[in-house]
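Presented below are the structures under discussion, each in the form of structure tokens.
Here chain A shows up in two complexes: once beside chain B, once beside chain C.
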Partner chain A sequence: MLELLKLLMRNTLRHKLRSVLTVFGVGVAVMAFALLRTVVTAWYAGVEASAANRLITRHAVSFVFPLPLAYRDRIAQVPGVSKVTYALWFSGVYIDKNQFFARLAVDSETFFDVYPEFLIDKEQFETFKRERNAAIIGVEIAKRYNLKIGDIMLLEGDVYPGQWQFVVRGIYQPRDQTTDPATMMFHYKYVDERVRQEAPDRAGQIGWYIVRITNPDDAAAVSEAIDKLFENSRAETKTETERAFQQNFLSAASAVITAMNIMSFVIIGIILLVLGNTMIMSARERTHEYAVLKALGFSGAKLFSLIAGESLILSVFGSAVGLLVTFPAVEGFQKALPKGWFPVFYIKPQTILFAVISGLLVGLAASLIPVRRVVATRIVEGLRHVG
Partner chain B sequence: MRVPVKYILRSSSSRRLTTIFTMLGIALVVFVFTAVLMMAHGVQQTLRSTGSDDNVTVVRKAAMSEIMSIIDREAAGIVTNMPEVARSGDGRPLSSKEVVVIINLGKLGAAGISNVTVRGIEEAAFQLRPKVRIVQGRMFEWGAREIIVGAGITKRFVGAQLGEKIKFGGDLWSVVGIFDSEGSGFDSEIWGDIHQISDAFKRSSFSTVTFRLKNPEDMTELVSAFETDNRLQYFVPKREKKFFEEQSEMMAKFIRILGVFITIIFSAGATIGAMITMYGSVANRTVEIGTLRALGFYRRSILLAFLAESLVLSLAGGLVGLALASVLQFFTISTLNFGSFSELAFSFALSPSIIAGALGFALLMGLLGGFLPAVRAARLNIIQALRAV
Partner chain C sequence: MERPLIEVENVSKSYRRDALEIPVLKNITLSVPEGEFLAFMGPSGSGKTTLLNLIAGIDKPTEGRIFVGGTDVTELSETELALWRSRNVGFIFQFYNLIPVLTALENVELPLILTPLSKKERRAHAKTALSVVGLDERLHHYPRQLSGGQEQRVAIARAIVTDPAILVADEPTGDLDKVSAEEVLALMERLNRELNKTILMVTHDPRAAERASLVRHLEKGELA
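This part shows the complex of A and B:
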């Protein structure tokens, strides 16, 4: 065994330049693979972050249509519902149109009870509740625009026209890696008061309800009960689990995600080509040598372990190099994107595991052609071979 | 003395498997590179062809898309009566006040739903957008709960076929016609009577007003007319073409950034692949190179020969990749456009600059991958090379 390892290392180091190049080639491809998988993960962040005990009730036609605030109490009476809160997509422009983060008008009394993953200091929260135009922002927003408690944020409204001024009164920390660290939240009451004056026919409307249920297993029954309440009314509702709600967003963008999935497999193909090429070249050069080994009585299995072993060594080193550079590459990619495109962007442990496994499999696969050739070559032909 | 071209070609075919592997590697990279650019180009082309340069769309300031824009009836009336608006033979303004909303429809043959744009139009909409033609069925009846569906939507959504009914806004709407707009973004929309649509969604205001400019050069005057009129201070006129093009920016930008990042990384891999092959090729032919040098070939001829071999290899790979990518033109895909927040169908589109870029890119990979090995070949010492086994 030790002898075999020694021989493998020697063989690998015979063409130092070629081995180094191959390791880099594999490394580059592994990095591209991990980067693409990470981008796909980022798309799914919303699904990952969804809690099993939360339902979303939205307008049946589309979530861009508002629901009356009056539905709230009726939803709260449905058996199995433990808490109801609501939010409104405020949209608006902060600084310019290229600053992406969610701006929500929320019910400040209940919203943070239903979303415990937004961790906020108790004192900050109390001052937030007392001030009409106060806002709570994610730590990521604070970092991006260098904002502190007490700073003023000016939004130019689009859905709700006009100039809107908010004071930062709280900065929340995300509890989980999948929690969006860049959301801005402020009082629904403040928005509604102004809308009541400027556009009375749009007052008293919210975007969607978030319903916390006591038992996640009742999700289907509770959803049905809620939708039944508003059947044949002016605004019919559609209630589904938070996860299903998020997945619908993704199914709309599925073409892009599919394209990225396909690309990540094309990359594995490229690793295979680079590594396979190296192994074929090495085996060809050593045709003579392998014939000698065969003449000495080496079995097909032994020869296989020689070639596959060398291929595995290259792919393992390549994967290691690739994973090392993945971290700076992912960071660079996020910097290249417009700020806030992906609020949640991190390398999942599964991605790394998957990259390593595919690196190993490719290492084995790349040795198949040369092994077949070596085994098929007759000893006499091999000995006669001139490189 | 130059090394014959035949020698170069023959030597790359002497080790077929290695050559094919290297070529395929480059082909894959070029394929991905081209496909990504074609996708970004396709999105842009679709939205660019949606608008016309002679038309002006008025939206609320800061509104990034039509669904976010609100124009009250009074302002809309002022706009359509402006002197810059072209008029038809009977003196009516060539303008369409429109309501744009989004509805959810289930996808055909797949799980999930997506956002589809519904546009309530006035009669002049068809004069403003002459590309739009009814290709199946008939035009909807004004004053009836009837709709016509874009060619891109009818293929992909439940209930969007001729003779079917779609439920939204508390009513069932009959699909009475299918329209086609030569691959523009309107193909991904549903159209109906403005009065019916705004009644169903209880809208008392419009989303946008689009009109034909009497004189296409009048844009600057129009902008200043908007700026000086107090009643119009919340609104801004934009050329329709530019307005739709802006909606493609975000999507195209994302695709490009991702594409460029991926291809740079990929190309590093493929260049390394080409380098390995060319180094191998040099090592294998040490004796040959020695012989060539002994016969009187110059170092630079050897350098050029190996470089040419690498370029031939990469060009072949580039052509294969490009050929594969050009097949994509026959596919139409659809995705959520973040600019308008609704479904947009588009095709991969090839352009001369993408072709040139892809081939140039392939050659660059060949040049980079082949240069160092070619230098090594050229610097071989004659005596030692001839002695090599």
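This part shows the complex of A and C:
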């Protein structure tokens, strides 16, 4: 066995330039595959982060239409509902229009109960609750703009015009990698009070409700019950699971995501072609040698081990190189994007696992044609072959 | 009376080229006793190499049967044949056919990978085989670092290392200069004489054939 391993290692290094180019070819393809999968993962981050026990109630016509704050108490009465909170998409500009991160006006009393994935220091949270213009920001925002507790953040309002001043009173940590680490949250009351003075017709309106339910299995029934409450009203609602709500967001970009998904699998095909081509060339050049080995008594299984082993070495090394390059590539890609474009951007362990498994399978698949040829070639023909 | 080591019975071989059936060997019958050094001579295309390949079990006859050491090799499956060859046949080719990425010692050890011997035993056998051919100083040389004659001697060591019943040599001196050819032939003669190896050799060279104990001529696929 060790001797066979030695032989296949030496065969792999027989044409060093070709092997190195193949390893790099596979590496680049694996890197591209992992990068694409990571981008797709980033698109789906919201869906991934969805909790099974959260429903979103929004305006039935569109998410952009507000709902009355007065719905809150009625929703809370629906059987199966354990907590109701709400949020408002504030938008606004921080520093300039290229600085993107979510800015939400939230119900500070209930919002963080429904979203336990935002981990915040208890003391900071209490201070936040006491100050009307206090804000909690994600650790990513704090890092990006070098913000500390007590710093002022000035927003130029667009949906809610005017200058808005907030004081950072809390910095939250995401519970895990699927949690957005770059959201800014502040008191809905602070926004609403000012809107009440400057644009009274827009006061008392929120963007959407987040409804925590007791049993995720009741999601459909609770959703139906909530929507029934507001049937034939001026602002009918549409309630769905948080996952479905996030997926609706993605539907606009579904063609792009589908294209990226397809591309990532096309890349697997490219790896197969790169490696398959190398293996076919190598096996053809060694037709004579394989015939000699067969004459000496080497079985088809042994020849398969030699050829598939060589192919696997190339694919495993290529995959390793690709994955090593993937980490800086993903980091560079994120830096090259406008700030906050993908707040959740990380290489999923599944992506690495899938790349490794793909590498192994492609390594095996790439050896099938040369193995078949070598096994099918009669010894006397192989001995006559001039490579 | 002792049964011959090799018995070729009414063997014919033909190849198909498109619709054409080309006969290469016609109804060959031959017996080779153990310890024989038999040379096949004849013009190109007479079927010498084909007959050698059939006896060595790397090709199958169209008709007839071949027994080697009592085994009908024509009845064996490809897998059985591979195993049989590894135990019973040593090959010596015109162009040596050593594996270029392996040293002389590793090349000789190669057929032993298929045996249940331990690594230590394999090494010892390979070294012995190389010392028999006078190359114990070249164990760790790669084929490209050896002369043609030395390469052929490594190939002979590889052929004898499993102690096979027969050695088949197809133009073993065809690619060698006169001196190297003499050395290789002397070695083969010694293997036959001292170790009682049964050798079947195909050659065009009358001087090589002189070393054999018996010479058979083939003409147009028939034994003369």
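As a working rule, the second predicted complex is superposed on the first by the 387 of 387 C-alpha atoms of A that agree within 3 Å, B and C clash if a C-alpha of one lies under 4 Å from a C-alpha of the other, contacts with A are read in each partner's own complex, and residues count from 1 in each chain.
In this section, a residue touches a chain if its C-beta (ideal position, glycine included) is under 8 Å from a C-beta of that chain, and two chains touch if they have at least 3 such contacts.
Predicted model, so just to flag it, every value in this text is computed and none were measured.
Student: Following superposition onto chain A, is the placement of chain B relative to chain C best described as a clash or a fit?
Tutor: They fit side by side.
Student: If we overlay the two complexes on their shared chain A, which of chain B and chain C does A:157 touch? Say first, second, both or neither.
Tutor: first
Student: Between chain B and chain C, which one contacts more residues of chain A in the superposed model?
Tutor: B
Student: Should A:333 be classified as contacting the first partner (chain B), the second (chain C), both, or neither?
Tutor: Touch status of A:333: first partner only.
Student: Considering only touches as defined above, state whether A:273 meets chain B (first), chain C (second), both or neither.
Tutor: first
Student: For A:299, using the defined touch cut-off, is the partner it touches chain B, chain C, both, or neither? Pick first, second, both or neither.
Tutor: A:299 sits against chain C, while chain B stays out of touch.
Student: With both complexes overlaid on chain A, what's the closest CA-to-CA approach of chain B to chain C, in Å?
Tutor: Nearest C-alpha atoms of the two chains are 11 Å apart.
Student: Write out the stretch or stretches of chain B touching chain A in their complex.
Tutor: Residues 15, 17-18, 21-22, 24-25, 28-29, 31-32, 35, 39, 60-64, 67-70, 101-104, 107, 110-115, 168-170, 201-202, 204, 234, 250, 253-255, 257-258, 261-262, 265-266, 268-270, 272-273, 275-277, 279-280, 283-284, 333-336, 341, 343.
Student: Of all residues in chain C, which touch chain A in the complex?
Tutor: For this pair, the touching residues of chain C are 53, 56, 58-59, 78-79, 82-87, 91, 93, 97, 99-102, 106, 109-111, 113-114, 119, 158.
Student: Going by the contact rule set out above, which residues of chain A touch chain C in the complex?
Tutor: Checking each residue of chain A against chain C gives 2-4, 6-7, 10-11, 14, 288-289, 292-300, 302, 378-380, 383.
Student: Going by the contact rule set out above, which residues of chain A touch chain B in the complex?
Tutor: On the chain A side, the touching residues are 15, 17-18, 21-22, 24-25, 28-29, 31-32, 35-36, 39, 61-65, 91-93, 97, 156-159, 161, 201, 234, 236, 247-256, 259-260, 263, 266-267, 269-271, 273-274, 276-278, 280-281, 284-285, 329, 333, 336-338, 341, 369, 387.
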